[in-house]
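In the part that follows, the structures are each spelled out as structure tokens.
Look at the two complexes coming up: chain A is in both, with chain B in one and chain C in the other.
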Partner chain A sequence: MQRARSFVFGSKLAPYVFVAPFLIIFIAFRVVPTIYAGLISLDKFQGTDDLGFVGLQNYQKVFSNPALGKAFNNTLFYTLGTLLILIPIPLLLAVLLDSGRVVKETVFRVALFLPALTSLVVVSVIFRIVLSKDGLLNVGLAEAGLPSNAWLESASLAVPSMIIVAAWRWTGVNIIYFSSGLVNVPRDLYEAAAIDGASAWRTFRSITLPMIQPTVLFVLVLSIIGGFQLFVEPYLLWPFGNSPGNGGLSVALLIYRTAFNNFNFGQASAIGVLLALLILIVSIIQFRLFGGRRFER
Partner chain B sequence: MTTTADEVRDQTIGRPSLALASGARPRGITGTKAGLAVIFIILSLLFVIPIYWMALSSLRPQSSIFGANINLLPTGLTFDNYTRLFRDTPFAKWFVNSVTQSLGYATLTVAVCAMAGFALAKYRFRGRSLIFWSILGSQMLPFQLLIVPLFIEIVRLGLVESYLAAIVPLAAHPIGLFFMRQYMLNFSDDLLAAARVDGASEYRLFWSVVLPNIRPALATLFILFALDYWNNLLWPLIVFRQVDHMPMAVGLANMISQYKVSYDLLLAGATLATLPIIALFLLFRKTFMAGTAVTGTGVQ
Partner chain C sequence: MKRMLSIAVVAMMIAACGGGTTTSTAPSTGASAPASAEASASASAAASESAAPQLCKAASPAEATFTFWTFVDRHATWWQKRADEWNAANPDKQVTLNCSVIAYQQMHDNLAAAFTAGSGAPNIVDIEIGKFANFTKGTIHLADMTAEVQPYVKDLVATRLAPYQADGKQYAVDYHLGAVLAYYNKDILDAAKVDPASIKTWDDYIAAGKKVQEAKSDVAFAAVDINGVIPIRSLMLEAGGGVYDQGGNLIMNSEANVKALQLASKMVNDDKIAIPAPGGNNGQPDFFAAMQAGKVASVWMPQWYMTRFPDNMDSLCGHMVIEPMPTFAGSSNTTTMQGGTGTAVTDQTPADKVQLAKDFVTWAKLTKEGQTSIWTDLGFDPYRNDVYDDPALKKPDPCFSNQITFDIIKSELSGVAPEYTGPAYPQAQDYMANTLINDVIVNKVDPKEALDTAQQTIESQQ
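Showing the complex of A and B:
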């Protein structure tokens, strides 16, 4: 009896009890569906009824759909665009805000962070109107004597429009990431550089950048994963998610539509598997840069 | 943006002590300071105006939302859109659903993450590495891969349209787990040892020693997860089809997916979805920002 008691309440069983709730949910709603997704992509489905194995048929059909290439192109273009804007600009702003040269810097940090508090649904509501032909942006551009654009009405401006939205939504968040990285840069390095007469740019390149490289890589990973999962904006910025010439169609939206508008679960899962493979490849490349060791401590 | 960078560079180049060090600042930089202030004021306006415009337009008829009628001064305001929003749509229900679902999700997620994080940080047990690495690896899987199998799963379990289906599948949150584990790694082993000597069981230890001491971390994670659910669309969109069960995000998404969109009502709804969050943020600003930074860097 005593032994049973100490087994239940002692440190042998306890860790398993502690991880059990997380692990059960994790296995039931992440591990199982992941494996299941692979199986579904090889089966024919009618509604939620599995009609059996059809090999790579779903993949063949998916590859013959011109929307697939379009969706992958748009998603890659979007991800790349957000990386090119949402890493250097927030980094520069974080460095400036941390420099002590900006008066009332907290006010600016808060102002730039506010968009991060709006849900992507709200963001899409706002920008569907702001980016429309006679919306706020074009009115503002006209006031400033700049040419206005039919942002949401041309195929070629669809992805740039979403990049504008992303820049608005995420700049403040990335500033926080970079600022928390900058805290770890020892001040005496800057003082040493100052004594050596290094320029601001040189100091940035030789001290700041190498020291916050982990943060930059982290933001990079986060932006890539986020970019590949782009869904809400293309779904809501255009009526019924129909952007002109599918210019704004993303992979995630294509999966959602294939599954829940066309009720083709097999093909939807096939696209999901392709997306997962793409992310896997990119992650492996990043892991090489990152080094997996960093995660353990 | 490049001109901004160049400007700043030109102004700081060649100065012995530099912009980056807050300690030693050179004299006579009022020009730079003024320039930076102007840049940040303009930037801040660009970031704040869309939110301000949303709130303002929600108090105006639909005709003032577009074109020449756009006006950023607070004139001609009326609560008409709000009255109609509550009369013509089940917005009040959506709001309540968002609150209960967000709180339920945050509670469940924080609970399972705190327990699992504690186990992974403070015990050595068989399977620990396997668990840790597979959860880490799962981070790379896009959620879109899971929507079809998860949907079939909840259909088979008879959970469609249910509160449980909305919150449980998302509760095993890898970032939450890493955040908690990281936080617990720094928890005093002496304190745990002392409690064990006093005869506390492992569960008592967790409940009475660990939890009270990690309240800030629990609060941070709770706020972030509640916000996460409040802002989530994809999964609730799949779970809920009936108008009365939806959270606000799904309700608003449905309102915008109509042939004739009522932008006036939509803006009122969007404003109501945002203002409570901004109010909470202004009250708990430090927690929000620190939480963002920590969950960000916690995974590193």
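Showing the complex of A and C:
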């Protein structure tokens, strides 16, 4: 018994024993389904019956579907839109909160973070009402003298509507990420800059930004991957995810629809493979471009 | 001591998190059935499974216990009632139902997964018409009910069985007919001196619309769904078209469909008597608000839309009137059918119990008593002809100006245009909701062009 214990918990085997639970679950629920999806993307399905290998036929059919281009377009615009809003603004807010100039900054931190804690389903249901023609947003715009819009009823406003929801929801989360990055910036650098007479903007540009570059990269990667996996908002903001003119269709929603509405599991897997390849390529580019740089110490 | 305490705390947390669904098979009393129906079937937007075996009581001694899945609480309660009635009438063949009410999309996803896996499917299941064709693709995991339905056919509006057939076999039976009616706001029409009963054809409808809008400028006579398919698809079917024809061919770009879409486009864009439904379709809160505020004067929807008035637009009760659906001049079609849910028996029912299941399902739905209770208990229009003379269907409806709804539906029964489904039906439904209707109504694309694109796109994906 003692020998068995020391074998299992000995320094050679112990690491594997401890990592094993995660590995087993990871392989069973991530790796195997991914490989399986890749395999069945090459098969023809009729209902739930797998009829066998048909080569790239599913990919051909998927490429001839106009909805595919729309889905990728929408997803890319959504991702870009969220990046443009959800990196600069939370960063500035985090710097502001960290600067010590805000009274009761904990209250603001909590208030900004609360949206991230709400169930995405609840958020979508509420925003369906907020974004309706007589909803809160249009009322607010009218008060400010701005024109109101048919947010959820127009093809061109579908992605902006989703970006509004995302901005409300994820600002707080990104503030937390940036705040934790800012906390690690050595205070003496700021003191040195103050002594040298640097302005706030100069300090931000030359000290803060370079020092939190790893955090920014991290948030960037997360935001891009999250953007590409967009599903819940388009699914719930419109009935069964049918936005006018497919203006809000995302790739993940198209996969779901192809699989569970149309019962085309082979084609759905093909779209899934394409999305995975896209995310992989984008991630590699990101790390090559940004991960290799080292800052001066 | 501290260690014991922390172990106890952890154990309690695990117990609290892990609890939830009870997996009892046949509870002996169902006294709390109505209460648990409300509690467990909260019909929320979230896709959550609420197993509610206490919804359905045990019979003793039970010949068979059947699991039943549905996505509507009212259906579950109805099935329990029918099971009780079956048990009273068949003491030697008692059945026990274990009902689960699962949110719409989730239930159909679970069913597909269960069929693929070969286990976990219920014995009896409700499948909505928009999803039904998915389950007749490839291997059909539903029991053939053709023989059991046959004795009832002569008494039914037979075309209602069409959507649930594949290869000439009957795989499910519906709850209701879903006859399309026209709903008018009586006050608005009276003020414009338009008599709703005089509107017989679509030309009459357009003329009435112009008159009403002249009398009151901020009213839209009609509202057409943009991301809902029912109003437009009703026009297509009434014109003689639809998604599929009887032979199982996809007929998106048929002449009849072109005619229907041209009419819809004309009403919205040329005659301007119809607007895109506020909120996108007439099931949205925006639409209910607009209708109640008197901004929309009429809609055409199936009979089951009647429940939306007391449920969501109750200030309109007493001010609404129902009339037959307007018709295309020269056509023998008086109305059509829309929506529906078929109840089927799955192949994951033990072989010695399948016959009992099929007998029970067809008896519950297709007998005179069953079809009568479809109206009295579920509020849906039956599709059995002899039921239309039953006194239960002759009660005036106070919400609808004391009209007798079924007299109006009965007047339409001579020309109910059938609807056929097929493998691409769910896909076509989606395409209509997200692309076709938006193109024709909002983007003013020529209907023939839009329908040709629809036909091509859907065919290429099969």
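Definition applied: the second predicted complex is superposed on the first by the 275 of 297 C-alpha atoms of A that agree within 3 Å, B and C clash if a C-alpha of one lies under 4 Å from a C-alpha of the other, contacts with A are read in each partner's own complex, and residues count from 1 in each chain.
Everything below uses one rule, namely that a contact is a pair of C-beta atoms (placed from the backbone, for glycine too) under 8 Å apart; a residue touches a chain by one contact, two chains touch by 3 or more.
Small disclaimer: the values here were computed from a predicted structure and weren't measured.
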Which of chain B and chain C A:132 touches, first, second, both or neither: both
Partner chain in contact with A:34 - chain B first, chain C second, else both or neither: first
Contacts of A:263 with chain B and chain C, given as first, second, both or neither: second
Partner chain in contact with A:236 - chain B first, chain C second, else both or neither: both
First, second, both or neither for A:52, with chain B first and chain C second: neither
First, second, both or neither for A:153, with chain B first and chain C second: second
Which of chain B and chain C A:121 touches, first, second, both or neither: both
Chain B versus chain C as contact partner of A:15, first or second or both or neither: first
Touch count on chain A, higher of chain B and chain C: B
Partner chain in contact with A:204 - chain B first, chain C second, else both or neither: first
Common interface residues of chain A - those touching chain B in one complex and chain C in the other: 48, 119, 121, 124-125, 129, 132, 134, 236, 239-240, 260
In the complex with chain C, residue positions of chain A that touch it: 45-49, 51, 61, 64-67, 119, 121, 124-125, 129, 132-134, 152-153, 155, 236, 238-240, 242-246, 249, 257, 260-264, 267
Complex interface listing, chain B residues touching chain A: 1, 4-5, 8-9, 12-25, 29, 32-33, 36-37, 40, 43-44, 46-51, 53-54, 57, 65-68, 70, 111-113, 115-116, 118-120, 123, 125, 128, 131-132, 134-136, 138-153, 155-156, 168-172, 177, 182, 185, 201-203, 206, 227, 230-234, 238, 248-249, 252-253, 256-257, 261, 263, 266-267, 270, 273-274, 277-278, 281, 285, 288-289, 292-294, 296-297, 299-300
Residues of chain A touching chain B in the complex: 9-11, 14-19, 21-23, 25-26, 28-34, 36-37, 40, 48, 89, 92-93, 95-96, 98-103, 107-122, 124-130, 132, 134-136, 139, 168, 171-173, 176-177, 179-181, 187, 190-191, 193-195, 197-201, 203-204, 207-208, 214-215, 218, 222, 225, 228-229, 231-232, 235-236, 239-240, 251-252, 255-256, 259-260, 265, 268-269, 272-273, 275-276, 279-280, 283, 294-297
Complex contacts: residues of chain C adjacent to chain A: 45-46, 105, 108-109, 112, 115-116, 131, 134-139, 226-228, 276, 278-281, 283-286, 289, 424, 426-427, 430, 433-435, 438-439, 442-443, 457, 460-461
